[in-house]
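There are two complexes below, and they share chain A, which is joined by chain B in the first and by chain C in the second.
Coming up: the complex of A and B.
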């Protein structure tokens, strides 16, 4: 078991690794800020404080959705890489190739949207991308699909390399997830949580991305050979299987940062337990089969699929509340937790995840979904867990790393202001969406009815606060990454 | 009570409880704890977790039973025997109804489909709230059963993004009283 040293030796980044890692983080932070500004421009438009026309609005919405989901995938993959490489041998080329493919894919997507006029949303429901009434060309849609495929191939490549490394070390994926200890046996206390979580993500997200690849190829073929007609319901199932898994995988990759770092700040070991292994095994199954909750309003879907969608949505709450949130709380309860930026962000992250799942579960109930589906309740719940949950996980790792490079974990004076701004802004922003959902405000509307505008204005103010906080984080993180070339580990008084 | 408001309150209570748990534990951080007390706290936390598990399990089972036993969506294969039937076709970017007038207090069946891309068929009551919805998908017909309890002008809005004019794709449905003004 690793000691509780704050900056352990085996986490140091050799020169090349550091370069690639910095590339990932700086890119991701810059993309987040840009996408947030795009998000703000949409919220201001709904609030009647800005006047973006519908064509540009839907392009921006497509960019924001695809851009945010992609960037979240990119940055949490870096979290996974950063910690997993301590336990198994990962190849740097796989990590780097993923970056290159991601950037190429991003370029394709940007061109497709802002030059080709593609505005079929990040969920590209068939047949809208090829049936836009002349707004975007078929080539633009195809370029968008190709952009996704490039990004998907990059992820698969990285996962394959990681899976091979894990199998070399642990024999097979099941053992890496600790399945042999589910029903008994003495659990190896040094079995890394990072390996359990990474393996789960590799299994689930590879399946999701493969489903995505299949449906993207189908759409590409249909784009150029319209005689090959697709079944809209089948396509929708595949898209949500892929989309749900991809965005959920970001939480499961991001939370590795909490498992790894929190004990170092609380000074209390956080060992694997049987409940923990059960939680991850069960979550792996749940995340693979929960996607039908996106199709509850497709009455043509077989009934049993809708029932699975509801029951599994509710079931998915158990591991989150009882294992991750509860485990984190017991780890810090009456501990000597040092309140530094990484630890603050981690506690926030687990809160944001656990609280954000509440409105999600409610909307996964068929009777509720009949009223809330595709209202702003939906962006309400996912911005909650993404802004206050997943992003803080990634930020915690970044702050931790710049702390290690600056040879000091001290917070900057500005951190005292930026974090509260971010949290308050995040709460106002997410709750404004949820309140709007309660009032039946539709999502994905370029202009709003007059009675909806007050929610939009509250949300805009929240968004501005978030962005102010995030701008400060970005400056700190980028400056911290670029400043000191040497990494320190043992020199720092740890634990 | 309006369902949307109930859901909102439940969500706030749920998120509030999570927040309280966090606030309590955060308030305890840094309080001294010797070996003995730490052990006891650990034991208590395991007992508490078991109780929490049981409570959540009961809620889970109760809600699943209550919300699924009478399956909330109408059967799609069997005939539905509603007195009034409205055929609905979504187009980019307009709605086509076989009739846009129905009677209050009498069951209506909506048969919803699309001629081009996916649309969302959502009925907004005069007070601005969604009362029921389904997807309008090309190649499929989704059937809704709904009884309007009071007359007035209801508005159908598209709730699945369908392109440039998605947000203005709306059409009224007139719900009239059967005999004379509503009581």
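Coming up: the complex of A and C.
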């Protein structure tokens, strides 16, 4: 079980580790702001308040999608590293190599989009990247694929290093996930939740990246040897196996911050239970096989796969989410929770995760999906859980870390304004998408019908509020990280 | 009583001799799947087992240039890439000089470097190797299945497609084995201690713990 001290000694970062960690966080918050501005430019265009041409719109849409998914992966991997390193010996070179490969991959993606004209979306669905009707070149599509491959290799290296460290300590990945306690035995209460969650992520996301490595290379071959015609449905299955797992892994890496930090702010231990272990074991299986819910509209997909997609969708999100939500609520109930920015963000994160799951599960139902999947219902769902669920998990860790480096962990005066701005903006933004989805507004359209514009205008206002909040968070976090760390004791009075 | 090392060399010699027998050679080269998935892997195994025959002094000298087994892995990868080319496979089935090159280079440039490097590899390097091996089986299997043309003159399209199916199955089997091993297996994460000790007998400066 993790310590209840607010800033435990074993969490302090040595100089080199601090340098690399700061690099991750500063890069991530800067990228988030940039990607949000790109998102805003699209919503403003749909709202007829700005005039981006369709070509640039689809390039921005591609950049925004790939950039947000990648940055969410980058920052939640930093969350996983920050807490996992307390329990197992992680090598800094693996953490740093991932950063370098990520940046190289990001550079390749940026060049492919804004210089090469690639605009085939972050999902690179075959054969769109190589049949761009003359807008983008094949070389640009290939560079985009290479960018993804570089990012995937970086993640894989980090996961392998983490797997080696976990196996060295716990024997194998099964024992790290606590599988030996599923059917009986006395659970070791000191078994870290961070290890259970990290192990699940390593297993699931490595499989996803493997699928990505196969399909990306096949797409590269097809780009230069068009005679090798790929089966579009197989490609789509593999892309979503990879893509779904990658973005889902961000929740499971991010939630480690909640497991680790919440007990410190509530002052109440957050023990490992058999139900908790079952939830993570079941979710590990479900998250691997849930991807067919992205293909419910593909009539050629075998029926049994579509049924798996629906049934597992209903089950996949629930186990870990329910256990976490229940655990969080019981942990903070009458605990005298210290309402600081990290704890506020954690509670927001659990709410965002919970509320964001509901439209996802609806969309994972075949009869709903056939009506809603190509509408803005889908961006409504994922913006909800990413903006109000996953990102607050990472922000909670960042605020916690800057608190540990400051003389006091008290919130800044501006936090009282920035967090409500962010929450209200996030709700308006996500609900505008969901309402538009309910009204059958198509997604991924650069130009909207006049009847759709009010939703876009509401969404634009929400986006502006989010960005204002995020800008303040970014300044606070970057300034906090750049401060010289002070030697804060384990029983920090500021808490 | 023969030692483990002698037994390895003996097994390698026996396998090599059997593979050289004209009926066996012709049978294995008559089908694409047999050449790619039986003959070449067995030649790699011959080279792998031959590591036991490398004198200790030479093994130590190689090990000094083979940090974490990376140099050997690179050499084996490049050699394997050559023998993965359909043009090479084709030639090895019909041109005696290429057949000879295969029988010499596959054991010595793929199997032996792998044999000398595997014990030095840490978990991360082994992991990358295995994942790339699995991905390569899936990619090549897929490619062989969908290629509209015959990739080798010596083999028919149905043979090529069957090879593709086998490669997908082999990739799946390796993946399953790796998953089971990771979840429930027993690990000794220090590189093969006895082998490394033997390889580094003449390198006192090398750190023991990796």
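The rule is short, and it goes like this: the second predicted complex is superposed on the first by the 482 of 495 C-alpha atoms of A that agree within 3 Å, B and C clash if a C-alpha of one lies under 4 Å from a C-alpha of the other, contacts with A are read in each partner's own complex, and residues count from 1 in each chain.
What we mean here is this: a residue touches a chain if its C-beta (ideal position, glycine included) is under 8 Å from a C-beta of that chain, and two chains touch if they have at least 3 such contacts.
The model shown is predicted, which means the values in this text are computed figures rather than measured ones.
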With everything superposed onto chain A, say whether chain B and chain C fit together or clash. fit
So, A:311: does it touch chain B (first), chain C (second), both, or neither? first
Between chain B and chain C, more extensive residue contact with chain A: B
Following superposition on chain A: angle at chain A, chain B versus chain C, Cα, nearest 10°: 100
Chain B versus chain C as contact partner of A:475, first or second or both or neither: neither
Figure out whether A:297 sits in contact with chain B (first) or chain C (second), or with both, or with neither. first
Chain B versus chain C as contact partner of A:218, first or second or both or neither: second
What is the contact status of A:289 with respect to chain B (first) and chain C (second): first, second, both, or neither? neither
According to the stated criteria, A:370 is in contact with first (chain B), second (chain C), both, or neither; which is it? first
So, A:231: does it touch chain B (first), chain C (second), both, or neither? both
Counting only touches as set out at the top, which of chain B and chain C does A:440 meet: first, second, both, neither? first
Give me, in Å and rounded to a whole number, the least C-alpha distance separating chain B from chain C in the superposition. 13
Name the residues of chain A shared by its contacts with chain B and its contacts with chain C. 231
In their shared complex, at which residues does chain C touch chain A? 122-124, 127-128, 131-132, 134-135, 138-139, 142-143, 146-149, 175, 179, 182-187, 189
Spell out the part of chain A that touches chain C in their complex, as residue ranges. 94, 156-157, 160-161, 163-164, 167-168, 171-174, 179, 203, 206, 210, 213-214, 217-218, 221, 227-231, 234
Give the list of chain A residues in touch with chain B in this complex. 54-55, 58, 119, 121, 125, 127-128, 131-133, 135, 231-233, 236, 297-300, 303, 306-307, 310-311, 314-315, 317-318, 321-322, 325-326, 329-330, 332-337, 339, 347, 351, 354-356, 358-359, 362, 365-368, 370-375, 434-435, 438-440, 442, 444-447, 449, 451
So in the complex, which bits of chain B are touching chain A? 3-5, 7-8, 10-11, 14-15, 18-19, 21-22, 25-26, 28-33, 37-38, 41-42, 45, 49, 52-53, 56, 60, 63-64, 67-68, 71-74, 76, 92, 116-118, 120, 122, 124, 128-135, 137-144, 157, 159-167
